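Several structures are given next for inspection.
What follows is subunit A paired twice: with subunit B in the first complex and subunit C in the second.
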Partner chain A sequence: MGLPNASGDLSTEVEVDAFRRLFPLRFYEKHLSESIRPDARPLGRARDTTIALGAVASANGSALAKIGSTTMLAAIKMEVMTPSTETPDEGCVAIDFHMPPICSPIVRPGRPAEAAPVVSKQLSDTILSSGMISLKELCLVSGKAAWMAYLDIYCLDADGALFDTALLSAVAAFSHLEIPVVSLNDDGKIVLLSEEQEGMSEREPVNKEKRKLTLCSIPFSLTCILHKNYILADPTAEEESIMETLVTIVLDSSSQLVSLYKPGGPVLAYTSAIQDCIAITRQRVKELQKILEEAISVMEVD
Partner chain B sequence: MEVDREDGRTQNQLRPLACSRNVLHRAHGSASWYQGDTKVLAAVYGPKAGARKNENPEKACIEVIWKPKTGQTGKLEKEYEMILKRTLQSICILTVNPNTTTSIIIQVVNDDGALLPCAINAACVALVDAGIPMKHLAVAICCCVAKSGYVIMDPTKLEEQKMKSFAYLVFPNSVHSVLPEGSVQGEPMEHGIVTSVTHGIMSVDDYFYCLERGCAASAKLSDFLRRSLQRHPTDSSKAG
Partner chain C sequence: MAAKPGSAPTTYSPSLTQKTRPPIFKGNDLDWVRPDGRGFHQCRPAFFRTGAVNSASGSAYAEFGNTKVIVSVFGPRESKKAMMYSDIGRLNCNVSYTTFATPVRGQGSDHKEFSSMLHKALEGAIMLETFPKTTVDVFALVLESGGSDLPVVISCASLALADAGIMMYDLVAAVSVSCLGKNLVIDPILEEESYQDGSLMLTCMPSRYEVTQLIFTGEWSTPDINEAMQLCLDACGKLGKVMRSCLKEATSASQE
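Entry: the complex of A and B
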């Protein structure tokens, strides 16, 4: 960005804000050489992360996840469907990611965000291939009825690390999900039982009680920026726009690699850099596991 | 370890490659790339005056349009477009033609596994054919990890479905095609990853094993790419 010599001289003369706007890359590099970032984080530290479960009352499972100021709201709605003939005893999960214009100045009304379908595809690939949810568990009556889980994730504030936050909110929503009670009616159709009906109905419910899904090997992710020899964990939107090489690593709770995603970028990733990224991700996975467990235990106390 | 593959290939063997340049007359550059039965056609239009929203006064803009074999453009195609765009952005010299747009159109002719790597290779040849300034070429390869832990290269569609997980890896082409050997210090450039996309669960060690094998196999691809680019554009070249 700009002429390197000119900016070197200017850095002592102009105001910090002006320098930041004129030479964003130089501004960051000056920080990085001191092993610090403009928001006072060390290079390998992620931003503060919070999860609130049950944010949407009308959904069967929901969660609001925040990493720094990036905010995602995930909600799951369960519906009964007829399973396809190829997989008669499996349910289905449909994942959609939305970026409304409120989330970022880059997204304009009437023009869908370019990132949205890509994140959406990445999310469904990750969640379905990680084996977190057993689709067999979503079956009600083999060949007749199964659950369709519609997971919708809304980005309320896009400030970098979109995929990480979206995945965290999705995972949290699944751990909050309660599968409702249903029963067969006289026509052989599945009907939902409301709370009051539950005791009085003489019909046998298909599933005995509200239950939670068993989640095995939950995936967690961390996005890192590679810039020269520096590795920056959990970038903000500003950092993402200035330093373009992003690596997203998804590990599950047993430290297996679910995805290593690096779509191009000017910096080449060598084996050593990837190993470092994986090491940072391992630590982050432990942090995220703890945060999720805490959120669940808070929910159970209420 | 001996591995049986349906088409009798060894673990590291690629399918027969074929590449022809300048196959379309209206496009500024075009190429078709075959890997076995996977065939992709790439066309490049540009650099042309950019009147698009993503126009940048400092850099050239690259847009990728992915046309599937049948049906509408969905999320998968959008993702491929994004990966291809970022990959090509990283190998092209964008500052030479600022304020322009270069369009790359990918038409899938037949998909028999390793589709994205095939498209990246095709796009690369098409860019060279169009004379777009580039830092280096990219060679893309698909590695599959089987349930029992062995790794195979360049799978067919059937193999892709049977495997536990796979990785699409893109490496820079080997440097000694342009520079005299021994001029690169430290880790050779062709060991750096331009793009990595994985699908399915694998252990971290498996991934590094894939990297190693993919890198070795990409050297062969890179040789083939160089040989076919040195030929006359209308000749179609073939290799086993």
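Entry: the complex of A and C
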């Protein structure tokens, strides 16, 4: 009787849960070889995704996006600023991403998560460079006043694919945004016009009706894990911690590449792997577009 | 190209043209109507849901009108700070606001004292001796501030602790009352809080009829105090029942 294979012995005798904790990588590889993931998803499938618009009443536009259990709350508040002299007819968008201590056991008060500034920068790069928002639309009085859109995204529950969920919530918040009707008063300040004052006020509103931003080429993203020859779409936090090579691809609604982000990692990606990722993302963008359209139509019915 | 470094433009949020909005009540007026149409002694409908954050040991979401709060509990886990040995567990609380929680952006950081008030309100209800040498972290985030924020945070936090399986003598329910002129209004909204002459917050363990925290501020007369306390105690009792039924629903749903 020969000695039993050490690892084989362990995998049969040790309980599944203990095996998962002790040999996380081997646990995953066993699943991957069967083309399935521990949460019963095929490798290329993203988790269930939902969007709810108008979650925050005190903001001008807001949205709650969930991918699996990763939850993001995005809200936009519009304030007035004086535009710079170089761009007198343009407004501004300030994007900030927060990971408060409630979202994950690794974040504690006073010690912010390392991921937060990275995601924050990625988000503002993507949103501002995708051309989704025309900053000219944020102009109120050329050279005197323009809108400053403060977009704040809070991570309420962190379980992987933070950037994807944050971008989805940001895009949804912009599509929910309603710009308030304002006018210029005698002191050169911008003031709100309440509903009943409209029309009967002696002051002309600066922006005629309740305006919505025209969003062209909306960016959507998908993060994939590269591990050996496998591509895992939309990873959970556990998967991200075990297999460290991530690729995030952002495509706009007409499937044009907006950004591609591969922050290092032990797997060096071949062109073919990247192309496969882009193909999966293209599918995912169609899904996300449909989910967003549905959320907007539900909102309009209400 | 957002907010170029060094030249961050100063912004303001546009206000209504009429500088002074009509006050919600006048001096000796006794039968004014609350902005949301409630009776003076009527609370907002309370909504609780446990298990809002999957990555936490326990969590709860609470919504009272426009006041929306989420609380996560982590632990018991290793105490991070280099602290003295302790036979009993430690409770660590933190309350923060989102930048869009308040009507004017970024005013939520005015409530630094809420963290320690939350700590003191919960401390008495938790059996700290059941998790010696370790820390339980209670983190609250106010998603939207619609008035009576702290009582909502406290009630929500005790539910999150129960969801995390932390041993407690009882759930902690909290209610506040504002004194506006001659009237006492329970569970005030933000607008009412801005006009109040005085406020009272009472947190208690309803089934034991024990008070864990009682805070008065402002102008009060003795009969008003008695009336307000009785109002709070009654409301806490009712709130406790709502919280209890939320916990029962969660467990019966998970058993199915």
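In the analysis below, the second predicted complex is superposed on the first by the 294 of 302 C-alpha atoms of A that agree within 3 Å, B and C clash if a C-alpha of one lies under 4 Å from a C-alpha of the other, contacts with A are read in each partner's own complex, and residues count from 1 in each chain.
As a convention for this text, a residue touches a chain if its C-beta (ideal position, glycine included) is under 8 Å from a C-beta of that chain, and two chains touch if they have at least 3 such contacts.
What you see is a predicted model; the values in this text were computed from it and never measured.
On the superposed subunit A, the positions of subunit B and subunit C stay apart, so the two partners fit side by side.
In the superposition on chain A, A:301 contacts neither subunit B nor subunit C.
Residue contacts after overlaying the shared chain place A:40 against neither subunit B nor subunit C. Of the two partner chains, subunit B is the only one touched by A:257; subunit C is not. Seen from the C-alpha centre of subunit A, the directions to the centres of subunit B and subunit C diverge by 120°, a value given as a multiple of 10 for the model superposed on chain A.
Touch counts on subunit A: comparing subunit C and subunit B, the chain ahead is C. In the superposed pair of complexes, A:109 makes contact with subunit C only, with no contact to subunit B. The overlay of the two complexes leaves subunit B and subunit C separated by a minimum Cα distance of 9 Å. Contacts of subunit A with subunit B, set against its contacts with subunit C after fitting on chain A, share not one residue. On the subunit B side of its complex with subunit A, the touching residues are 75-76, 78-79, 82-83, 85-90, 165, 167, 170, 172, 187, 189, 191-204, 206-208, 211.
Those residues of subunit A lying in contact with subunit C across their complex are 55-59, 62, 69, 71, 73, 75-84, 92-96, 98, 100-105, 108-109, 124, 128, 148, 150, 152, 154, 156-159, 180, 182-183, 185, 189-194, 197, 201, 203, 237.
For subunit A in complex with subunit B, the touching residues are 114, 117-118, 120-122, 125, 129-131, 247, 252, 255-266, 268-272, 274, 278. Chain contact summary for the complex, subunit C toward subunit A: residues 1-4, 7, 9-18, 52-56, 59, 66, 68, 70-72, 74, 77, 80, 94, 96, 98-103, 105, 137, 139-141, 143-146.
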